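There are two complexes below, and they share chain A, which is joined by chain B in the first and by chain C in the second.
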Partner chain A sequence: MTSFIQVVINGIMLGSMYGIAAAGLSLIFGTMRVIYLAQGTTIVFFAFVTYWLFVKAGIDPYLCLLIVVPLAFLVGLFLFYTFFRKAAALEDKNVSLLIAVGLMYLIENAMLKVWSANPRGLDIPYADATIAGWGLRVAWVRVALLGLAVLSAFVVYLFLKRTRLGTAVRAAAEDMEATTLQGINSTWVCAISFAVGIGLAGVAGVGMATVYSFDYQFGFTFAIKALIALSLGGIGNVFGALAGGLILGVIENLTAYYISISWIEAASYGVFILVLIFLPQGLFGRREIVKKV
Partner chain B sequence: MANPLLEVKGLTVSYGDVRALEDVSLEVEEGSIVALVGSNGAGKSTLLKAIAGLLHPSRGHMLFNAEELGRLSTKHRVDRGIVLVPEGRRLFQTLTVLENLRLGAYLPRARANFDESLERVFGLFPVLKERANGKAGLLSGGEQQMLAIARAVMAHPKLVMIDEASLGLSPILTRTIFELIVALNQQGTTVLMVEQNIHMALNICNRAYVMKTGNIVLSGTGEELLANVDVRKAYMGERGGKL
Partner chain C sequence: MKLIPDFSRVGRRKLIWAIVAAVVVVFFATLPFYYDVSEGEFGIFFFTVFIYGIVAQGWNLVAGYTGQISLGQNAFFGLGAFTTALLWFWDITHTGYWFDPVLMVLSMVAPAIVAILVGLPLLSRLRGDYFSFGTLGIGMIISVIFLNGGRITGGSEGKLLIKVMPEGVEFNLQTHYWVSFAVAVFATAVVYFLTTSRVGLALKAIREDEVSAASHGINVLKYKIMSFAVAAALAGIAGSVYCYYLLHPMPMNVFNMNFLFLPLVMVVLGGTGTIVGPWIGALIVYLIAWYGDKFFSGWHPVILGVVMILVMLLMPSGLAGLGEKLPHWGAGGSVGRRSK
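Up next, the complex of A and B:
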């Protein structure tokens, strides 16, 4: 029993990374109807940035959040206005998807050039500190990761629910033209939601750097995992995306422990396809909350 | 005579190769209700969208308070007081009634008048006050239409354009909505409405334009058009007629 609980806990910690990434994807998809496939690679990029800040400037990775997250937000605005503004306005969303794929390879290769193909990891002095009890053991950095995920989901939730701009983001996710008709600059609303999504990639990047070793190619798989988490959680719900990530993490760890590590990927994609077939609205999504008039 | 609030002159709008509007001109006097009637595909909605800035004309002019609207964005038109209640209401269904109203008053000028506008809206549509924290998608059809109009009123508009307010509503609800539109107008808001319920529209409007295949083919006061034999035959079930 203890080992089962330990495996579940480890899964939750792993899944919190998927959850942050999925929340970002959800936000971007919600307004722009585009699957931002470069999300994982963008996360790895910010992990490298954190790595540099740690190695070159000696800044504690958690303090790096104060630099990386605002930077990520600005990078998000830059990416939106440079690559996606025109494409997002098109009826054909494939253009944006292809731009995302192109961007992913562009960032990957730029990272290969700058940081080489060697895997990197942060040598944090307190990496071995653990919280233990009842025969269970979790590293503090992993607990912090979960904390970051929950905190950022909460911040995004408050932004969406409590601010005027956040309300406009939710409105745009539902009906872009009707949003424009309220005198709202819907391009700016898209830019903001994209930038917040990339800001979450910044959070995830710092989280990745604190716990994992990573290389320039790590991102694509990660984006797919975030997509699976998103399908589990249902689109348009930050906490759903987070929960989807946690569930995926648990499924992966249970598979690794009770079946075999080599079955992890098969289990993830199996769940992905089963969910898409039988619960396309996600585990938490209600089939129809809106009465048809 | 004073300048009309809205003046459209020689407007031509095309979707690709298809002309949706051809050389359309109309005037909307301040404080009036103007109805645009005609069969499906006549270009009524296109005209409203062009005035709202969602579509850009290939030729012609639109003057609001004697100022050329040119290629101003929708945002700037809303800020000047031109608001469109689109066909099918297009509410934010997963948002609450109050959130919908807040979005209607998004721009600074409207936000400055938020409390006053909200009071006005709740006065006109008391049911929205009761449902303020409920989801817009859970309102009945009539209430949704009220909310759509209310959301436009929150923008503190000079001109409200309403596209097919009666669509999908029972005759009784349609009457209620029409009465509310008249009440809104009596508070000083100018109304330009597209309406399929031609008889009722002609009854409440000061002036009406009849559109057919992208052109305005007839115009006059509501009474004149109600008395017009061709209008009665084409749109009110009488036989024969030239329209």
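Up next, the complex of A and C:
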């Protein structure tokens, strides 16, 4: 029983990464219907940024958040205005999907050439500190990661519910045309939600750097995992996406522990397909959103 | 919607295109007589272009003509390659020829059957993005099954086919060139005749408006599954031919994402829903990859990424779509393009 609880806890810690990534995807997909497949690669990129800030400048990874997240926000604005502004307005969503794929190729292979294929990991002095009790052990950095995920989901939630801009974003997710008719600048709303989505990728990048060792090609799988988490949690719900990520993490860890580590992918993709077929609105989503897609 | 083909337009334009197609086919079919394809670098170049182009032509059918963005083509490619490899390795069919036609046909049938089995639940329940995600997931599951196949599939090591080469066979790229070219012509012909027939009309109707197509008496699910299965079969036979070149198929290389994304870029660059588009795209994309690798070793995926983004930003309807805007020549090239 203890081992079961330990596996579930580890799964939740792993899943918090998926959760943050999925929340970002959810924002982008919710407002623009763009599947930003390069999300995972973007996260790896910010993990690299954190890594270099730590190695070259000696900045603590958690302090890096203050640098990486605003940077990610700006990168998001840049990406939106250069690549996605026109494409997002098109009816044909293949265009934006393919731009995202192109970006993924570009970033991934540029990272490979510039920073080599070696897996990197941060050598944080307090990485070994753990909380132990009742026969369970959890590393502090992982708890911090979960905290980071919950905190960022909460911040995004407050932004969506409490600010004028957030309300505009929600309105755009509901009906883009009607939003434009209300005099809301839809391009700006899309830009903001895209930038916040990439900002969340920045948070996830820092989280990835603190807990895992990563390499350049980790991104694609990660983007798919975020997509699975998103479909599990349901689109248009930040906490849903986070919960979807946690559930996916638990499923993966249970599969690894009770079946075999080589069947993890099959389990998560199997869940993905079953959810898509039988529960397209996800566990916490609303039915109407699916009908619109 | 016109149901009877308009014969009055079958005139000079179609004739010109038939002649162009014939010249191109004759040129490539006779290329080995005046160019040493087994030694010269363009032999392997065209072989690879044909392989990618066949997969691209299949994806063109399902995505360009039917409007269903399948993201599982690499799985069908790998499935075809592994069907050939496993039947060959375990000598199940007892044929044992070099470029065994039996194995190649079976490598088409196996992915098609899988596509039908998978397509039934996916295509009946999922639309748009959700269908794309579903095929992506199915593709991943198929590759994981082959990775975990143990002794039967050889796991991540795959099967080393050099050990079981048929007797008296010499590895000569000329054979590869001709076989891949023949399959390329076959694939193009299949897509051409499918899309210019009543089936093609049904597919295009589904692409334009599914509900309207259904209300005009088109069995939407049947035609969707059909195009999905044909695309899978074409990817499968490409995988089979590629397997004879590789001689050591591993899940890592035959299920590679390149066999999903490169054909996709080729079709989109050349022009979705056109018959020549995938070939133009295949040639250009692979030229970029080929010379990019030659002059900027290791940077060619980056260059491809840039090209992909630029194409999508500047001409999202592809090169064949560009031709349509020009007043005269090229306008007839897009067979099966939606007519105004």
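The rule is short, and it goes like this: the second predicted complex is superposed on the first by the 286 of 293 C-alpha atoms of A that agree within 3 Å, B and C clash if a C-alpha of one lies under 4 Å from a C-alpha of the other, contacts with A are read in each partner's own complex, and residues count from 1 in each chain.
Definition applied: a residue touches a chain if its C-beta (ideal position, glycine included) is under 8 Å from a C-beta of that chain, and two chains touch if they have at least 3 such contacts.
Worth saying up front: this structure is predicted, and the values here are computed from it rather than measured.
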A:G147 touches, of chain B and chain C: first, second, both or neither? neither
Touching partner for A:P119 - first (chain B), second (chain C), both, neither: neither
More chain A residues in contact [chain B versus chain C]: C
Which of chain B and chain C A:A87 touches, first, second, both or neither: second
Partner chain(s) touched by A:A110 [first = chain B, second = chain C, both, neither]: second
Chain B versus chain C as contact partner of A:G135, first or second or both or neither: neither
Chain B versus chain C as contact partner of A:T180, first or second or both or neither: first
Which superposed partner A:F272 touches (first chain B, second chain C, both, neither): second
Residues on chain A lying within both footprints (that of chain B and that of chain C): 290, 293
Residue ranges of chain C touching chain A (in the complex, touch as defined): 63, 69, 121-122, 125-130, 132-134, 136-138, 140-141, 144-145, 147-148, 257, 261, 264-265, 268, 272, 298-299, 301-302, 304-309, 312-313, 316
Chain A to chain C touching residues, read off their complex: 33, 35, 83, 86-87, 90, 92-99, 101-110, 112-113, 220, 224, 227-228, 231, 260, 262-263, 265-266, 269-270, 272-273, 276-277, 280, 290, 293
Parts of chain A lying in touch with chain B, wherever the complex brings them together: 164, 167-168, 170-171, 174-175, 177-185, 289-291, 293
Chain A-touching residues of chain B, taken from the complex the two chains share: 52, 54, 73-75, 77-79, 83-84, 86, 90-95, 99, 102-104, 106-107, 110, 135, 137-138, 140-141, 144, 151, 155, 168
